[in-house]
Structures are given as C-alpha cells and as structure tokens.
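Okay, so subunit A shows up in both of these, paired with subunit B first and subunit C after.
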Partner chain A sequence: MQELIQAYSWINLRFLLMGLWVTIEVSVISIGLSFVIGSLLGIIRYMKLGWFSKIVGFIVDVIRNLPLLLIIFFTYFGLPKIGIHMGVMMSTTVAMTIFESAMIAEIVRSGILAVPKGQLEGALSNGLTMPETLWHILLPQAYKKMIPPLVSQFVSLIKDTSLATIIMLPEVTFRAQTIYAQKPQAIIPMFIMLALLYFVLNFTVSQLGSYFDRRMEA
Partner chain B sequence: MWTLFQSHANEFISGFGWTILSSIIALAGSLVLGTVFALMEVVPNRLTNIIAKIYIEIVRNIPLLVITMFFYVVVARVWHLNGFAAGTIGLTLYTSAFIAETVRAGINSVDKGQLEGALSNGLSWWESMRYVVLPQAFRLVIPPLGNQFISLIKNSSILAFVAGMDLMYQANMLSQATFDTFGPYIIVGILYLILTMPLSYYMQYLEKHLAQGGA
Partner chain C sequence: MSMIEFKDVEKYYGDFHALKDINLDVETGETVVLIGPSGSGKSTLIRSVNGLETIQKGQLIVNGQDLADPKTNLNRIRKDVGMVFQHFNLYANKTVLENIMLAPRLVLHRDEAENKKVAMGLLERVNLVDQANKYPSTLSGGQQQRIAIARSLAMKPKALLFDEPTSALDPEMVNDVLKFMREIAQDSSMTMLVVTHEMGFAKQVADRVIFMADGQILEDSPTKEFFEQPSEPRARKFLSQIVH
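Take a look at the complex of A and B:
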C-alpha cells in the first residue's frame, strides 16, 4: 500500500499528466491536419481525374498498408539522410499526419461513394457544376455517414501516438517507462495509471463521437 | 539497395518469417477469442454480456504498445516470456476485441427471423447459433475480418519494441549496424507491402462482389 501511494505521488502524477498533454497536443494537430489533407486526397481519388487520381490512389494505398511504426522511424531517422531535419515532436506529427491522411482519404472516398447515386445525378441535371455538387450535395451527406469511422480512426490515432515512445517523444507512455525504470516497484501502478489515462481519453472521444452521430441522425 | 538486401538476406528473410508467424498465431488466437467474446455479448445472459462489454471497451481504448509492454514487463516476471511470445500475446488480445466487435456486428446483421425460426424448430440456442446464425454471420464479416488481418500484420511491427525478431526489429538492428538509416527501412517497407497490398486489393474485390450480391 505504501508503495502504491508513493508511486502515485504528485511529482509522478504531474510528470505523467505533462506527458498526457504532449499526447493530446500531437493528436489534436495530427487530427486537424490529416482531416484536411485526407479529405482532399479522398475527393481527388473519388473524382477520377485520370492518371492524377490513379497516382494519388496508389500512394494512398501504399501508405495505408505500411506500419505506422515504420513511417515514424523513416521520418525521424531516414529523412535527415536526404537533408530534412526535424525534431522529435515535429517528426511524430508529420509521420502521424502522413499515415492518418491516407486512412482518412479512404474513409472519405467510401463515404462519398455511399451517398445514393441519384443525388449526384439529380444535382448535375439541375445545372450544378461538379465542384458545387460535391460541396453542397455530396459532402454534407457523406460526412454525416462518416462520423463513426472517422471517430474510431481518431481514437486509434490517439492510441498510436504511444508508438512515438520509440523515438523518445516525451508523451505519457514514455514518461511512465521513465518512472518505472527508476523504481521497479512502480511498474504495476504505472501500468494501471497508463491504462486509466488512455481509457478516459479515448472513451471520452468515442462517446463524444457517438453523441454527435445521434444528433446528426435526429 | 539491392546489394544491401543481398548481403543481409538472412536477417530480412528471418524477420519476414517471424512477422508472418506472429501474425498467423495472433490471427488464429484472436479469431477464437474474438468469437467467444462476440458470443458472450449476444448470449441471453446479463452477466456475460457485461463482462464481454467491459473487456472489449477496455482493450479497444488502450494502446497496443501498453498491452504488449504489460506482458513483456509485468507478466514476464512471473512466467518467463520472451519478446516474441509477449508481443504475440499482446497482439492477440488487442485484435480479439476488434474481431469481437466485427463478429458481433455480423451476428446482429443476420436476419432475426433466422434465429427465431431455428429456435421454434426445436434447436437449442447454442445449436441455432452454431448451425444457423454463425455460418451466415461469418460470410458477412469476411471483408472486415480481412481488413483486421491487414492491420494485424501492420501492428505486428510492435514486436520491435520487445525484441521480437520481426521485420521492424531487423530493420532497426541493421540500421544500427550499418549506419544506413535509409536502405533497411525501405527494404522492410517493401516486404511489408508484399504481405499487405495483395490482401488489401483482394478485400476490396471481395467487398465489391459481396455488395453486388455475389458471394
């Protein structure tokens, strides 16, 4: 019991919470960026703009099928070789954004495809141009349907920030490891705390997601 | 890059093998576990429903890394586990929660009349599940399960954290040994793509055919 209280001392907790803040920071920036980039890529792929869409689609498929860990390593260790130097925080954010953009592009594309075809045909035959149709007719309906997969993608993004431990981003998992590396008796309390922090964070996000989903349905 | 591959072919190939082995073990384990938890969620029994729900929600909301490290750091002190075993167990438990959700969705999307019909024809609940509902559910969930398998293969790179001998681990070892931080990652990336790309395209093809009412 004594050990447990010591492990959860304010110094340790503050250390962990600062890490949680780094996790949230990286997640929020990556979610914002990858939502925009992913939507663009998804639309490009949907529009079938000849070879341009084909190339974009192929790149998206390649990135989607690579492990995120590999992309993180590559941006941190590989890119300096060709003259692109980034800090830990920066390369994590870049790697997460690249990977998640590709995942979101697929979600967006299949979301647009799931809108009934009559909507597209009706809009075009009413004289709207293709960009207008996309913006006013297809995307609003598609994004409503995409809320559940998007939210679960965001949750997995938050979980995946833990992978940046390997390049020593001082986020919450890394800090927990730092603590229990110094005090072996803190191992189990640290794992419990980690599980709790991640659970609260992700559960909140997914509940918020299903709340918005219900609001949109109504 | 080709010379790098040739001179370290052994490492790459063994890493490739360990990645495949870990993925297949984890797939088999998580299919079984996931189906069990999915059944626990749909069984008309309050207690098992709640247990399954809690397990799935907890595992789904915790990073794979934390689960794997738990087995590597905590459980390995009680029972001896090497990195490969700890990583594969972590991978199995993590994936099982996702598979449970997928299978449950499949069971729920089988027409309710099927279960009712089977029950009123005198089959017990387990018999109706086993012979009537599950076979139909599994056919529906093949594409999403395939996508789970693809992310399982990608997630197996977590073994690199626990010295699991897999592809990612070999890439790290090689880049440390040769001071080449570019080549090994590219080669390993191509090897991962050899595993995942065909599967991914096959699943897209299957989805299209199932959507058209083929199957």
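Take a look at the complex of A and C:
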C-alpha cells in the first residue's frame, strides 16, 4: 500500500501528465496535418488524373504497408544522413503524419467511392464540374460515412505515439518507463496508470466522434 | 437544325459491342421516344448524349459540339442538355430547394433572388412548394422524380434526356410524372429524347419512335406509323408483348 501511494506521488503524476501532454501535442498536430494531406491524396487518387494519381496511389500503398516504426527510424536516423536534422518531437510528428496521411487517403478514397454513383452522375449531368461535384455533393456525403473509420484511425494514431519511446520521445509511456526503471516496485502501478490515461484520452476521442456522427445524422 | 446527331457511332464495353452503327438525328423541338427490350442499348445510347458514356467510333454532335472530340468541354454540353434518371439521383445532402438552385447558382451564376424565384416557380408547377425544405429521402418516388425534372428545367436546357423516368415508380405515381413530361413536351423549342416503356405516353407525345435491339436501331418511324404498322418483325413482336 505504502508503495502504491509512493508510486502515485504528486511528483510522479506531474511527470506523467507532462508526458501525456507531449502525447497529445504530437497526436493533435499529426491528426490535423494527416487529415488535410490524407484527404488531398485520397481525392487525387479518386479522380484518376492519369500518371499523377497513379504515382500518388503507389506511394500511398507503399507507406500503408510499412511498419510505422520503420518510418520513425527513417525520419529520426535516416534523414540526418542526408542533412535533414529534426528533434525527437519533430521526427515523430513527421513520421506519424506520413504514415497516417497514407491511411487516411485510403479511408477518404473509399468513402467517396461509397457514395452512390447516381450522385456523381446527377451532378455532372446538372452541369457541375468535377471539383464542384466533389465539394458540394460527394465529399459532404462521404465524410459523413467516414466518421467511424476516421475516429478509429485517430485512436490508433494516439496509441501508436508510444512507439516513439524507442527514439526517447518524452511522451507518457516513456516517462512511465523512466519511473519504474528507478523503482521496480512501481512497475504495476505505472502500467495501471498508463492504461487509465490512454483509456481516458482515447475514450474521449471516440465519444467525440460518436457525437459528431449523431449530429450529422440528425 | 439537329440538336442531337449520331453518325456511324460504335460503342464497346471491352469485347461487348453495345452500340452498332448508330445513325440518328433528333431535330430541335422534337420529342423522340426510344424503346426496345432490356439490354438493347437504349440507356447506353441516351447516356452517351451527355457524355456519361464515351463512344469509340463515329461522330456524336450535340448542340453543335462533337462528343467524340476529346477537346470538347462536356460541361458546356451538359449545361444545355439535362438528364433525368430512373432513380432520380437527387442530392441526398441538399434540401429540395437547394437541389434545384445549386446548378443554376454554380454554373449559370444566376442571381440568388432570381434563382429562388425560378426554383419556387418550378415547385409550384409540380405542386410541391410545401416540400421545399425537406430532404429528398423523405419524399415518395413520384415526388422525387418531379423534383429531379424541375432541377433539370431550372437550368433552362435546350434538350432533356429521360432514361426510364417512370420505371422505378409505384404505378399510382407514374401519371403525375408523365403529366409533367407531357407539359414539357408541349414547349415547341424543347428537344426531348425519352427511353420508356410507357407506350401510352409514346403514342400521345412522341413525334417519332425508335426501336432498338442488340445495340442497333431497327426502326425509326413517325409515331402513328410505328404503332399502326411497324415494318420490323422484332418491333411487331415487342409491341405485341407489351401493348394490350
């Protein structure tokens, strides 16, 4: 009991929460960037703009089939070899954005494809251009359908930030490790606390998602 | 002057020869009904008129522009040639009023007040003013189809294409839609090409009837002649099966 209370001392908790903030920062920036970049890539691939879409499609497929960890190694250890130096935080954010953009690109593309073809044909026959059709008709309907897969992608992104412990990003998992490395008795209390923090964070995100989903349904 | 002109048009889906040596002339203001068994190429033919299907050979001149030419701007053709589909294809994310007002706003840059006036006028014509702010999914098929036709008319098109406009409707809804189409056909400047199985409509409204089978036009006759003495045996057989 004594040990438990010691493990959850204010100093330790504050240390963990600062890590949680790093997790949130990396996640929010990566989610924001990859949503925009992924949407663009998905739209480009959907529109079948000749070789341009094919190249985008190829890159997206390659990235989607690589482990995220490899991409983190690439941005942290690989890029400096060609003269691009980034801090741990930046390397992680860039790696996550690259990986998640590819994942979101496919969610967006399949979301647009899931809108009944008649919507596209109706709009084109009505005289709308392809960009107008996308913007006014296809994307609003597609994003509505995409909320659940997008939210689960965001949740897995948040969880995957823990991979960056390997390049010593001081996020929440790394900090928990730091604590129990010094005090082996704290290992179980730290795992419990980590589980709790991730759960609260991710549960909040998915509840937020369901809220938007319901609101758009109405 | 012809509004729609097919010259030796061929269309393939892979190995399947969907349109064979199509030659067809639809004059401005004419109403032409296209009939034939399913799989005969009627829909493919009508969908190629506004570029929803591409043709592989021949010329297809619509409103003075050749669709076979890759440089032709499809949007310019579609602006003047509306299309009404079997399954309505109203925008699911827009209200009835917005469905009608969207294209005139984006494509014709019609003034907003004028746009609304035109749209409400059209809704009045089809007795659906009270549905203006509803979403399409809450309406019956017959209502949706009349709105889809109104949406096409709002663009003030020179020609309208109808691809089996009443085939997906419950029988009691069919007449409202046909009535609206008859009214439109009375406008002498409107060119109409209609794929339908409604022989009563064809008899009353069409100037000419085209009979298609296996991707070919087998008969192209004035309406009265077509129904009284079809020259083509397959057309005769087709008529005996569906006209009672």
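What we mean here is this: the second predicted complex is superposed on the first by the 218 of 218 C-alpha atoms of A that agree within 3 Å, B and C clash if a C-alpha of one lies under 4 Å from a C-alpha of the other, contacts with A are read in each partner's own complex, and residues count from 1 in each chain.
The rule we apply is simple: contacts are C-beta pairs under 8 Å (C-beta built on N, C-alpha and C of every residue); 3 or more make two chains touch, one makes a residue touch a chain.
Here the structure is a predicted model, which means the values were calculated and not measured.
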item	value
Fit or clash between subunit C and subunit B when superposed on subunit A	fit
Which superposed partner A:118 touches (first subunit B, second subunit C, both, neither)	second
Partner, of subunit C and subunit B, that touches more residues belonging to subunit A	B
First (subunit B), second (subunit C), both or neither touched by A:178	neither
Touched partner set for A:53, first subunit B, second subunit C, both or neither	neither
Which of subunit B and subunit C A:127 touches, first, second, both or neither	second
Which of subunit B and subunit C A:77 touches, first, second, both or neither	first
Which of subunit B and subunit C A:137 touches, first, second, both or neither	second
CA minimum distance (subunit B, subunit C), superposed complexes, angstrom	17
Touching both subunit B and subunit C, residues of subunit A	none
Subunit C to subunit A touching residues, read off their complex	50, 52, 74-75, 78-79, 82-83, 85, 87-94, 102-103, 106-108, 148, 151-152, 155
Complex contacts: residues of subunit A adjacent to subunit B	61-62, 64-70, 73-74, 77-78, 80-82, 155, 159-160, 162-163, 165-166, 173, 177, 180, 187-188, 191, 194-195, 198-199, 202-203, 206
Contact set on subunit B toward subunit A in their complex	57-58, 60-66, 69-70, 73-74, 150, 154-158, 160-161, 168, 171-172, 175, 181-182, 185-186, 188-189, 192-193, 196-197, 200-201
Touching residues (chain side subunit A, partner subunit C) in the complex	118-119, 121-129, 132, 136-137, 140-141, 144
